[in-house]
């Protein structure tokens, strides 16, 4: 019988990217159980939908989270457009897809940096974020903001990107491939990193299905669950895309899945830039939303649902987001059982927790 | 093996220039499309109050009778909804962020009958503006009950009404 | 008589100059690390500013006895350094250093925070890992030169490195543990981004933490002195060679810090004992046969 301690992990902890509280019951250095509690960053954003007109609420929806900001803005617009039967122009769909895939790249590079930092590898953290700056500069130039874009609106997008600029972006992204490969190879080649990632946080296929995990968490357990395959209204059908899966079921696999997704997104953006048609970027919106609708999106962390309900006034009555981290938290608690204390930051980071999204 | 496989990049980094920008020692280089802060051409404003109604953060206050337009820069989220919805297009986004400050304050622009627009700065929480404000006779419309006067604690913002670049 | 005066002067110089040089080394460390990461880095004197700022901060301690033990840590590090620089007995130096790390461990145990408790356990495991190697350094010098006395080792007829290459490699391996650098910064890291927050020193604040910082500067200088020992002999110019070796080893530690992530305690124990066995012990066996 080892020494039994309870370590309060979070909500303020330097290794955690977001405020989540875990009570870790330790036996010497082995975690017996992890009891999570959330609620530290609840801001009541869903209640705020009753107080803002539906056309302005998009700015609040995109501020649910800083990392997946574009996704939330798009998800909200998609659900309201579906509710009001608005068909947005094809160019707007392409632009949204390009921004969303760029958002995925920046989110995964951010996550890679945090993973390196959690492992104690600060220089890799700094280099990953140096690469991410290039993507943020693209955002600043095209949307006007580095983190919060305010690019989506009901009916389309607010700003256009000229074709010359699109080709410039494609050039930058092609140049980034080699640098990204140089940095991400270190995760898989450096023996100290591999020892921290391999066989850590095992989530078997059955456990992944039982806890309803989504996103790279479940794709690393061998299940090809990716909404972009099922999306009929978007442009993913036109782009050459297959979900990235592996079946190692551990942190190494999830790291690998996210790195491959970066390269897949780089490819998809270049393809979208080739195929984008000329045309309008928005259609006018008339009338008020009435009824219920929900839309789905593949955020960098997994599948997200956006449900809206309107009663023919300018204010919606209900907006509900089911975020991917919501579903991955039970999977994380499951993976934490029986691990070493030193693996706790690895496993917490491996679900890419976005508690701001979860708690809104 | 693979031990020290990162050494190439690390040693190379020693001989390359740092990528961090030297702001604020050197001025920031910001792109044209940046949503920095909202500026108004007050003489063209018709005080319809559309921007005030549409603002998701409630940062704008328009007083029709006093013909003033006031913005709380610390509440503004730079979404440019006011710019999009203005019927006379007198608002624009400037690619320069609002200056940081030590006191939360509103910035008020008042439409003058004469040629010169006047700018006054009012401080919320009832602090009297300091004497060096370049305002002419008309003080700002926002009520400022002078209770406790904070002496010289508030930094004066330069009047940006004419769209000068650097605050 | 003059040799006694000489040794005393060295001891006093160590007491006064070691924190200054140690702080400057720490400053260089941070600037070099920053440049390796394509950043600019802090000013050179930043560690001094940090220590001064720490002394001005309010101290919040759960159990005030930790101040006594941290004071003991600083005192024993200074004493080990003085013994080393006054050319005393190398075995005594190693044991006094052990006493210093025990003081730090008890200080960490004395506060009831779970982070410092686990940090103290990890610190104990680290001590178990590097102690055999340090002892092998002392024994190696005895086998190579026939004495434990530092003044005779430093005026020997040949550089220590020629007889003790394996022991030197083992020493460089465990220096990472003592310098608190990746991959061995389990118990206490320079950065607080680990699962134990700051590990052993989580509960220290204010003047206590400033004492720990200064003790680390003393310790770093005196550990680099161990490296110096391998490269000096009776020739006068060997002093420069020794200093160059110290600089190279210091830069190598920074490079390894930036190229590795942190390993777990099981891997630390295994790898350090393996290196001590292969590099150190075999070297000692060869020396014993040669005698």
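We call the chains A, B and C, going by the order they appear; numbering starts again at 1 in every chain.
The definition used in the following text is that contacts are C-beta pairs under 8 Å (C-beta built on N, C-alpha and C of every residue); 3 or more make two chains touch, one makes a residue touch a chain.
This is a predicted model, so every value here is computed, not measured.
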Quiz item: Which chain's mean C-alpha position is nearest the mean C-alpha position of the whole protein set?
Solution: A
Practice problem: Could you tell me which chain lies farthest from chain C when each chain's centre is the average position of its Cα atoms? | Solution: B
Quiz prompt | Geometric centre distance via CA averages, chain C-chain B, whole Å | solution = 53
Exercise. Find the geometric centre of each of chain A and chain C from their Cα atoms only, then give the gap between the two centres in Å, rounded to an integer.
Key: 44
Quiz item: Distance-wise, how many Å sit between the C-alpha centres of chain A and chain B, to the nearest whole number?
Solution: 32
Quiz item: Which residues belonging to chain A are in contact with no fewer than two other chains?
Solution: 123-124, 127, 130, 190, 192
Quiz prompt | Sites on chain B at which at least two other chains make contact | solution = 3, 5-6, 10, 19
Self-check item: Contacts with 2+ other chains: residues of chain C
Solution: 36-39, 258-260
Quiz item: Residues of chain C touching chain A in their complex?
Solution: 33, 36-39, 114-115, 117-118, 121, 182-183, 185-186, 189, 191-195, 197, 258-265, 267
Practice problem: Give every residue of chain A touching chain C within the complex, in rising order. | Solution: 5-9, 13-15, 26, 29, 116-124, 126-127, 130, 190, 192-193, 195-196, 340-342, 344-345
Practice problem: Show which residues of chain A lie in contact with chain B when the two form their complex. | Solution: 52-53, 56-57, 59-60, 63, 123-124, 127, 130, 133, 140-145, 148, 150, 158-159, 182-183, 185-186, 189-192
Practice problem: Could you please specify the touching residues of chain C with respect to chain B in the complex? | Solution: 32, 34-41, 255-256, 258-260
Quiz item: In their complex, what parts of chain B are in touch with chain C?
Solution: 3-7, 10-11, 13-14, 16, 18-20, 22
